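This structure is in C-alpha cells; I'll ask about it shortly.
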Amino acid sequence: MTCFMKNFRSLLLLAVLVSALAACNFGGDSGGGEADSAGGEGDLEKSINLSITSDPPSFHPALATDTTSGAIMASVFEGLTRLDPEGNPEPAMAENIEVSEDELTYTYTLRDAEWSNGDPVTAQDFEFAWKWALNPENASDYAYQLYYIQGAEAYNTGEGSAEDVAVTAVDDKTLEVTLNNPTPFFDELTAFYTYYPVNSKVAEENPDWHTDPNGENYIGNGPFTLDSFTSSDSIVLKKNDSYWDADNVALDTVNVDMVESEATALKMYQAGDLDYLGSPFNTIDLNALNQFKEDGTLNVRDQAGTYMYVFNVEDEIMQNENIRKALTIAIDREGLIENVTKGEQKPGTGLVPLTMEGFEEPTEYFPSNDIEAAKEALDKGLEELGLSDPSELKISLSYNTSEAHAAIAQFIQQGWKEDLGIDVSMNNSEWQVYLEELDAGNHQVGRYGWLGDFNDPVNFLEIYKAKGGNNNTNWTNEEYTQLLNDAAKETDPKARTQMLKDAEEIFMSEFPIAPIYFYTNLSVHDEKVKNMKSDPLGNVQLKYVDIEQ
Amino acid sequence: MADKNVSELQPSDFEIVGNKTSETETLARKSISFWGEVSRRFIKNKLALIGFITLAIIIIGAICGPWISEFTYRQQNGDYNMAPNGTYWFGTDDLGRDIFTRVWIGARISIFIGFAAAIIDLIIGVAWGAVAGLTGGRTDEIMMRIADILTAIPYLLVVIILLVVMQPGLFPMIIALSLTGWVNMARITRSEILKLKNQEYVLAARTLGANNLHLIKRHLLPNALGAILVTMTLTIPTAIFTEAFLSYLGLGVPAPLASWGTMANDGYPALANAPWRLFFPGVLICLTIFAFNAVGDGLRDALDPKLRK
Amino acid sequence: MNEPILQMKNLEIDFKTYAGTVKAVRKVSFDVFEGETLAIVGESGSGKSVTNQAIMKLLPQPPAIYAGGEILFGGNNLLEKSEKQMERIRGNEISMIFQDPMTSLNPTMKIGKQITEVMLKHKKISSGDAKKRALELMELVGIPSPKKRLNQYPHEFSGGMRQRVVIAIALAADPRLLIADEPTTALDVTIQAQILEVMKDVQKNSRTSIIFITHDLGVVANVADRVAVMYAGEIVEIGSVDDIFYNPQHPYTWGLLGSMPDMNADKKEELRTIPGSPPNLVDPPRGDAFAARNPRAMKIDFEKSPPMFEAGKDHYAKTWRLHPDAPKTEVPEIIRDRYIQYNGGDQ
Amino acid sequence: MIKYLGQRLIYIVIALFLIITATFFLMRMAPGNPFASERALPPAIQESLNEKYGLDNPWYIQYKDYLVNSATGDFGTSMKYKYRETNDMIAEGFPISMTLGLEAMFIAVGFGVLIGTIAALFHNKWPDYLMSVLAVIGISVPSFVMAAVLQYYLALQAGWFPIAGWNGFIYSILPAIALASTPMAFIAKLTRSSMLEETNSEYVKMAKAKGISRWVVVFKHALRNALLPVVTYLAPLTAGIITGSFVIEEIFAIPGIGKYFVTSISNRDYTVIMGTTVFYSVILLLAVLIVDILYSFIDPRISLKGGKSNGR
C-alpha cells in the first residue's frame, strides 16, 4: 500500500512535469522562423527582414493612425494614388484623374485592378470606405483627413448625413469627388491610408473583416498580401501576384518582427537578423548614430515635421511675449543637434518644415542662440511682469516620458539656467496623461512634435487657426486666421504660398512656440537592399524595394 | 594510573585554606554583555567586516563625493560620452555630465530610497506580522489574506496614481515602494513568531502573567531579529531594484536628478560605445547590495544563539 | 573482568571559538567492558556529552579539534579512522541514543523508514526482512500496534514513544556499544522508568555495553555497573556504583551526592547545593579544577593538578585528599550515614 | 480535504472580488484617457468611442459591468488594439510566457537549491564564499542590465545565441537565464540558511550516528526539511515568473503576456488592465493554494483542515 502510494505520488509528479512540458511553446514553427533563411540560398526568393515596435494598433486603413500601421497598410492596400520614392503622387488605382476648372471636382477613372480574392476594385469600394471612415459610429481618429470633401465634416461630427458627402460612384469605374476648397495637395492626400478603398462586398457581409488579419476575409488590393500575423511576434507579407503592377514588385516576402526595444533591434541589425533600421518602422538607437555616421551607412533625409516647445499663452508668465521670445532665442539648437539628437536635424527656425514647397530656405524670424538678444528680451519681460531677477521666474517644462525627450529637455533646461539664469523645473508624465494635461492647458512650456500627414504648409499652419483641437498654445490671431481662409480659396499657387508665408511670419513674431528642430528621417540598411528610402513624410514604399544578391 | 611523583610536595602544601567561591562567581559574571558579544562575533567575521567597510566607504562617498568633485550633477561640460580620464574620473554621459559626481548623487538617492523603504517595511511589516502571528485564529487568517490581496493589485496603477497625486519625486517613490513591500516582512515575522510563540520560555513568560506587548518586546522580537534583519538586508536591494525598474518605465526620479537606477537605465543601451555609463552605477549597485547581504548575514550569525559555541 | 571493548586514553578536545580556545575535554581516560553499563555523570558543560560524541566522531570540525589521546575500539584507534570507515562503525558497532526524542527524529520521514534505514545500510538484508525486524524491534521496545505505527510520522508519537523509536533505531544493527546521552532527561518521570526498563531488558538479552550519560544520580543507581564522575572536562572519580555512592572520595562527588534527595533518609534534611560555578575552560585553573568551590581545599589544590589516586579496587579519584601527606579530612555526615547504612546491611 | 478546498475556493472568490473592486477604482482614479491621441478627436467621435466601451455610463453601472464581465470571463476588446479580444491576447501570450517561466523556474530552483546546499555544506569555506558571491551577483544585477549584458556579450559578440525572438528552444536560453538570476539567488540564500539550520539539528546528527554517509544524510534527510521554506517562496515566485516579465520580454522581443501588464496600464487600456489583473490574481491565488497543498505532502505535520493556518 505504501509502496503504491509512493509510486503514485512520483507518477503524479511525473505527469505534472510532462504536461507542463507538453504545454510548452517555444514558437518553433511560427511565421518569424522564416526570417532565418532569408540571407541564405535561393536567388528565386527575394525577402527582406524588418522590425516594427509593436502590433499595429489597427489593420483597418480607416482606423490606422500611426506609422506602424501605416507602413503595413501601404503595402497591403493601395489608394487612388501612390507616392513615388521622392514623395510625389502618381496614379495608382486611378488610371486617370480629371480636375475641374475651379479645382473643386475630381473625377477618377479606375484601372482594372483586383482585390486579392479576385473581386474587381470598384468606385463603390472607395465610396464605401470613405463614408465608413466618416461615420461617427466607427470612431475613426483620422476621419478629419477627409474633411476636404464637401459634407464630410458635417457627417463626421454628427450634423450631416452620409448622403450629403460629396463622393459618388458614377459607375463601377468612375468616382466623383467634390471638395470644399481648391486643395492643391489632394492628389497626395488620396495616397494616404484613410483614403484607401475597402472591399465593400466583403465588408458589408462581415463588418469585422479587419479584426482577424489571418482570416480569409482580410482582403487587400496592394502590392503585398498579409500572409500571417502572430501577435507581438511577426507579420509576414507575400507578393500579391494579382496586383496590377506586380511586374514591378521585386520582393517576394517581407518578414516583419515585432521588436519593441531600440537597443535590441540595433543588435539584431548588427547581427544581420534585420536588413533595415529606421523610419517608419522603428528608430535607430541614438548610441549607434555616431558609429553609422563614421562608417558612412547612415541615410539622412529631411522630414516634414517640427519638434517644438509650445508656450501656453494663457499662463500668467507665458502670456508675456518677451519671456517667450527670450526662451526661444536662448536655445542652442546647433549644439543640441550636434550633441544630443545627433540626427543631422535642421535647426528649427519657424513652424513650417523645410520640405514644403516655397519654404525650402529657412527664414530667420529670430536670432537663434543670440544670448545678448535673449537677455534683452528677458529684461524687458521681467520688467513687464514686475520682477527684478530671472530667478524669481517659476517656470515648469513638461514633456512626455521618453529618454530622447528627457535628454533634449535637460539640455535646454541647463542652457536656460546658464545663459538666462532661469531655473526651470521639469515635469514629465506618461503619454496618455500628458495629452490630457496639454488639452487642459495645465502646462507652461510643453514639448510637442508635429509630423506632416501630407507635404503642404497648411498641415502645420492650420493647427493654430483657432483654439482647441491641437492648438496647445491657446494662441489666436484674427489676421492669421483670415490669411489661412483666403489661402484656402486661392487657386494661384504662388499667391497661395505667399499668403501662407505671411501667416507664418505673423505666427513667429509672437512666439507662441519655440521651434527646436525640423525632423530628419534616419535609416541604415544592408548593402543588398536597394531603392529603400523614405519620402519627406517618412514613408517607405516596399513596392519599390529590391534585393541584390 | 596513580601518579608516583608526589614526593617533592611539602606538608605545608596540604594546609586547608578553604574555598574561593566568590572568585568563581565574579569570573562567571565577567562574561561580556549581549551586544558586546554580538559586535565581537561580528568583527571576527571577515566577510561581514568587509561588507561593513564597503558600505561605510559608499556612504562616505555619497556624502563627500559630490563635494570633492569640481562639477555639479547637472552641469553639462560639453564633453560628451568621454571615457574616464584625469578630469572626469568616471567619464561623462551623453549630455556631457560628470559621472563621478552623478554616481555619488545617485548613491544618496538610491541609498536613501532603500533605507527609507526598508524602515517603513520594517515598521509596518513587523507590527502586522507580529500581531497576526500572536493573535492567531481568525484575525491572523484575515490579516494574512489582506496581505495576499494587496500583492495581487496591479502595482503600477498604484504607483502612477501616487505620482500624479503627488509631484514626481522621492517621497511618492518611497511610499510606492513601501505599499506592498511590507507584505514580505509581515509574512516572515509572522512565521517566526508562530515558530517561537509555542516555545517553552514564551509559555513560561505567559504563565508569569506577561502581556502580549511585553512578550513581543522582550521575547519574540529579539529572537526573530535574525530573520527580520536578513529580510531587511534583502528589502534594501529590492527597493533599489524597484526604483531602477520604475526608472526603466520612466517613472523614476525626475530628471536631471540621478539615481543608480536611472543611470543604469540610461547607460545600458550604450554598453557598446560608452560602457562606463553602465559600469560605474552597475558596480556600485552590486557592491552596495553585496555589502548589505554580507552585513545582514554577519549580523544574523552574530545574533543567532544556535551558532554560539 | 574480560578485555575492555572501548579504551579511552588521555583524550583531549578543544573548541575554537571567538572567545578563545575552550579546552572542553582534558586528558580523559576510561575503559568500557563488554556487557557492562558505565554511567558518566556530571553537571552541564562538564564535557560528558562531548567525550561521547567524540567516540562517534560526530563533533563538527571546526570548531572541534581532537587535540590528543586515543580512543581504542576493539583495539583500533577510532581517531585514525577515515570518514568511510567510521560510517561502517556508526550505527552498526557503536550506536547512540540522543537526549531529546522530540528533535532527534526526522520530522518528514516515516518511522519505519528511519528504523530500517540503519539495517539496510549495515546488514545484507532485504527491505522486507528489514521491515519484519523493525516490527520485532518496535515490539521489543514496547511500542503498541507496531504495524500501524510503522507508517506514521514522528509528530504522531508521544515523547516516550519517540524515545522508544530512537532506542529501536539504536538497537537495529545489534551494536556492541550503545551510547545513551541523557536518554531520559526530556521525559516524564513515569516514562523515564519505562525507558530504563527497556534498556535494561535489551542489555540483558544482547550483552551490549552501554555508556550512560546523565546528570541524574537516581538514574545512575538504577542502571549502572560503574560510574565515572566528570567535572570541568576531567574525570575526577571513577569506580563501581557502590564505590561512588557509598564510598566517594572526591569532594565534587560528595557535593553531587549531597544534592541528591535520599529516599531512605529518616532525618529531615535540606538539599544541599554546591556553591560557586564551574571554571572557565578557556583558561582552566592550574590546580584542582574544583578547588575554588571546595570548602576544605588545601593550598596545593590551587597550585598543582592532582593525579589519580587509587582509593580501592578499581576505584580512583583525582584529589590531593588521598595523598598520604594530606590531613585526614572528614567525609560529610550525609555521605558517612549512607556508608554506615550500607555496611550495616540495610539493603 | 474537500472541506478545506471548499473554504479556500470561497476565499479565492472573495479575494478576486476585492482585487477587481480595488483595481476598478484605482483605474478610474488614474488620470489619462484610453482614447487620447496626438491628433485631437472631434467630440462626436470621442462620445461614440465612450459609448462603444460603456465609458459614458455612471460609475456604478460600469462597476457592475466589470464585475459581470469578470465573472463570465469575458473582458471585451482591447481599447488600444481594437481588433483584439483581451482573452485572445492572454490566451496567445500566456503559453509563451509560461514556457519561458517554467524554464526559468527549473534554472532558478535547480541551481538555487544546488548553490545553497553547497554553500551550507562548506559553511565558511571557500565554496561557501564562491557561492555567496554568485548569489550576490544574481541579487544585485537588475534584470534589464543582466539581459542587456547577456545579449550583448553572448549573443552579439560571441554569436552563441540568437539575439531576440521566439523561434525555438535556443531562443529561450538567454531570457530564461536573465529571468532566473534573481530568484535563483534568493532561493540559494534561503536554501543555504535553512540548510545550515537543518544540518545543525539533532536528527541530522542522529542520522550520521546511524552511519549514513554524509551525502545521503544531506539529500535524504536534511534537504527535504530545508526546502520547506523554499516551497513557501515558490507560490508568489511561480505566479510572477510564469505570467512573464515586461523587461525580459521587451529586451528579447518575446511575444508573451508580461508586457501587457505594463503597456495596458500606460495605454489606459481598461479592458486589458482588468483582464490581466484578474488573470494574474487567479494564477497567484491558485499557486498559493497549490503550494499549500504541496506543502502538506512534503511536511506530514501540516494537515489540510479547514480554517487552520499553516505556520511552522
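We just call them A, B, C and D in the order they show up, numbering each chain from 1.
FYI, contacts are C-beta pairs under 8 Å (C-beta built on N, C-alpha and C of every residue); 3 or more make two chains touch, one makes a residue touch a chain.
Molecules present, by chain and UniProt name: B = Diguanylate cyclase; C = Peptide ABC transporter ATP-binding protein; D = Peptide ABC transporter permease.
Not measured: the values here are computed from a predicted model.
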Nearest-to-centre chain - CA centroid comparison: D
Maximum centroid distance from subunit C, chain identifier (CA atoms): A
A-B against B-D, pair bridged by the larger set of C-beta contacts: B-D
Geometric centre distance via CA averages, subunit C-subunit A, whole Å: 89
Averaged-CA centre spacing for the pair subunit B and subunit A, given as whole angstrom: 49
Centre distance in Å when subunit B and subunit D are each reduced to the mean of their C-alpha atoms: 24
Centre-to-centre distance between subunit D and subunit A (centres being mean Cα positions), rounded to whole Å: 37
Multi-partner residues of subunit A (each touching 2 or more other chains): 263, 430, 433
Multi-partner residues of subunit B (each touching 2 or more other chains): 160, 164, 249, 268-269, 272
Where subunit C touches two or more other chains, by residue: none
Touching residues on subunit D, where the partner in the complex is subunit C: 201-203, 205-214, 220-221, 224-225, 298-301
Subunit B to subunit A touching residues, read off their complex: 74-76, 78, 80, 94-96, 160, 164, 167-168, 249-251, 254-256, 266, 268-270, 272-274
List of subunit D residues in touch with subunit B within their complex: 11, 15, 18-19, 22-23, 26-27, 29-31, 129, 132-133, 135-137, 139-142, 144-145, 148-149, 152, 186, 189, 193, 197, 200, 232, 236, 247, 261-262, 265-266, 273, 276-277, 280-281, 284-285, 288, 307, 309, 311-312
For the subunit C and subunit D complex, residues of the former touching the latter: 56, 58, 83-84, 86-92, 95-96, 98-100, 103-109, 117-118, 121-122, 153, 155, 166, 169, 173
Contacting residues of subunit C [partner subunit B, same complex]: 15, 17-19, 29, 63, 275-280, 291-300, 302-304, 306-310, 316, 320, 323, 325-327, 329
